[in-house]
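Look for chain A in each of the two complexes below; its partner is chain B in the first and chain C in the second.
Showing the complex of A and B:
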């Protein structure tokens, strides 16, 4: 490890923050295995993955609370490996907000400025502006216990942003809010990030949050990066069966590549996806969204299928169908105004089929 | 299902409930009778005009306070007791806060042993500790025991109270508060001052009150360490009671109660009460 700040020409030049081959072990357990990613200046980057995937550890390494076992954390062209948290100039929002309970909202927001010895008058103006920015003007003298969950969240955001950090780190900040509030805060968070232009790294296990907020997503699993791309690419082209499963692709059918461009599913059904990308002999997973499977009345062209049950989901209904030649039922969704029952025809569009490496 | 559950008939259950409440009030009443009543009697008797102990007093006067205040030892005993208790409490709080910080932080090897050693004065009889300290002082040939020895002994016996209560409040503290402070630019020293100490304030205050009252009222340990030069109020009170069958001990006792209460009210006023209520 370098003993002082060093420059490194190897990192991408627009990167505000970059992790280079970061490894982290707690005793025998390897929680990060040579992870590399970077956030460009002003970018909203999301670390997405199930619990234990290493996303929070990555965030804590960036914040400086954990020391990486190997690799470099770069802020711009500078390695911050040896920089303690209090000198990293980051804004951090915790899952539980971590507001100082014995301080008012304004005192909480002022804390970072006080540590930086900002003059009192300037502190007062900046605190006021920061609270106003998160829609909490007039709440200056409230203590955290007299604020709602959403309001605490805003104070935490104001406290992190008022110091004008180089980097904003968010550790599952929305997961303690109820569903309706979560939606609103998501919207406000995005607006705030756009308005301030602060480079942001966001940790979540919620794929919906990741899709709606991020410029790019780092999908992680067991200390490794599974996919690192823009949200629309993750949505339309998940890299592996795990990625597809995690972002909610409902049908994941084990299959075997029998000939170029030709798959046989477990159960015997043969399909010909538009793109296969695997040589004959490969064991793969065929992924297909329920919304891409079309249900038609019996008699149309397609596969004969029998409806097992249907679940009402408001605008649509999610059906489970038995298909001859497939071991497990296929999930398909259709608008809820037409109710299907009994014998139907299924259309599995080849262009929507995802042929995936089985890494589950 | 309900079949295997034994249910009392409703009237019996109601009766038991009533009995339970009766018992609760009974215990409360008994506590008042045995704990508070004697104290009230002592306070009342201290204002008697008679020269013997009698309740209720035949008349009221401040004679015994005048008598007590004219005792040759009373001023020096009150002063030394206050000095000893104050110094011992301050030292115990400083050591106790630092020790609690170490204990409440990550576990380390031998923590159990440290914990046991630190808290041992809580479960050892005070007489034993007093006797032990006395022996050590004799061994190192400090024949005339002075104030510093007394203070050291009192730090020893009050430290567990401080550590117990500060440790408890530090162990329950949210570690993310410290991390939040550091992310906002606070150095470890600033974090300790602005976050760790602030969060532990109720525990520190409670520990300090316990330590002070224990030190101020202690007899068992101090009795071994008093000398002609340094003595404490409770120790003097005990020997005074032995030789004076008049109401003057009641006046001294009332003074002690007053000093302890005044201190508690004072500490509660300077922010302690708020800290207690805010938690």
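Showing the complex of A and C:
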């Protein structure tokens, strides 16, 4: 599952921050079950998962707001288990910005420098530079209530970055913004992270954000890591049916391994995926993206199918098709300039079939 | 004909009538009396001249302000941590603390005050305990003086401070404190630089409530302070019902009202200045 650990030999020598076997319980509820991952220096690591998966708790343990029930949090080679939040030297950005409302933008940004007793003149220069870096030059004397959501989030970013933290922690920072702004901020966030080179841990439930921003992704579920890898690997090789479902693989068909390399789907259809990876007798899930299913006119080689309905999606159309031998309809997308109707032929490419452990 | 706009007035009319009859009208009569010669009814300032000349009025005046000041101070110092505790504690415990804090408001003022007499009196448990461990040889005087009044009034008025502070503390986002901690502020610094400034509006309304209730309190100073430590409120009672000097009673009551109004004016000004400076 933690496939990427093998590529760097499982050593965390280069790790800027590492969680080692972190467990966390609130009373009877176990929210983290022996979770281990690390972020390399300068890396953008994303904790991805549905609500309640333990991603925010992990972040709060790294920040020092929660104490782990077991395990170690390492910054470089030192354990920070006993270090309070105000000594951890972290920059933190919240979903609700958490700007100090009675302070101006500049005063907000200067707060961390004041706490570090940075001389006044230097503080002024650094605050100005930090606000300019997030595109808010000239907004120094504005109060948060006179700033838009996007501007507030920029001030929060400047406030977290101006102290030049060892680690930048982002707790769903884009979730409160509207869709268009979210896209812009995503782009700027990535540029800012590249420019400063700060090791970043980002928490989100949005797979699109995770794919576009991350160097690596930790996919979590009920306090456990499901998959820990680079975005392209998660996209092309989700480790389990849950992972496939979470990143939006449309067709997830229960199936049974009948012979080596042979699957029978619920409903009786037999398929032969290129790679199976399960011994005969295993109950699995066959995953296939709608974009990988090809629709052709009736008469071509393939499976006969009947179109139930089609949904216009702009560039493409998403069809639901009834296939003899399959209990549930298959989803397939095709360019929207050709409209299919009635009887067609479906092509399910064996090399695109993902045979997945059913953990849903 | 009654229009839609008249309905609120109609519904409120019993209340308005009651307030007019039992509060506004007597207050108006009182003000007039304070400026009237008792015998001739002519307008005069002699009533004020008389009370300003009396030694007991001067003492009661300053004592009233002094006691209200200390009651307010102790309510802030004691009430803030309590409010913080209630706002932060796990809901089950916070409800218990909340009920305990509000309890004084549900007990009759006489019962509560006599309770304090039993506790603080010459043979009360505090004196017994202190003498028992040999810390003092003579009982301390903790009732029939200003100390007793401050204790009794604080007990009664601190809940108002706690309620006023809770109203702002409950609205405070916990992330604000966490942001401060992450930026390098220890919890004490985070409290004074982030939480305290955010709660100033609640603190100011708490101060207004406690101070105005403290200067006008009557039963507690009467029982805890006794005859030797009159306040303006008990002085009004003494003039009116002991010496039947209604003119002096009216004048003292007028002074008390002036103090209250002046304090409200000061509080509102401070609040307005603070709000506009911090762009709330």
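In the analysis below, the second predicted complex is superposed on the first by the 349 of 360 C-alpha atoms of A that agree within 3 Å, B and C clash if a C-alpha of one lies under 4 Å from a C-alpha of the other, contacts with A are read in each partner's own complex, and residues count from 1 in each chain.
Note that in this section a residue touches a chain if its C-beta (ideal position, glycine included) is under 8 Å from a C-beta of that chain, and two chains touch if they have at least 3 such contacts.
Fair warning: this is a prediction, and the values are worked out from it, not measured in the lab.
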item	value
Clash or fit, chain B versus chain C on superposed chain A	clash
Contacts of A:65 with chain B and chain C, given as first, second, both or neither	both
Touching partner for A:115 - first (chain B), second (chain C), both, neither	both
Touching partner for A:325 - first (chain B), second (chain C), both, neither	neither
First (chain B), second (chain C), both or neither touched by A:85	both
Residues of chain A that lie at the interface with chain B and also at the interface with chain C	63-65, 84-92, 94, 96, 98-102, 111-112, 115-116, 159-160, 163, 169
List of chain B residues in touch with chain A within their complex	174, 176-177, 179-188, 190-191, 194-195, 198-199, 201, 278
Residues of chain A that touch chain C when the two form their complex	63-65, 84-92, 94, 96, 98-102, 111-112, 115-116, 143, 145-146, 159-160, 163, 169
Contact set on chain C toward chain A in their complex	173, 175-176, 178-187, 189-190, 193-194, 197-198, 278-280
List of chain A residues in touch with chain B within their complex	63-65, 84-92, 94, 96, 98-102, 111-112, 115-116, 159-160, 163, 169
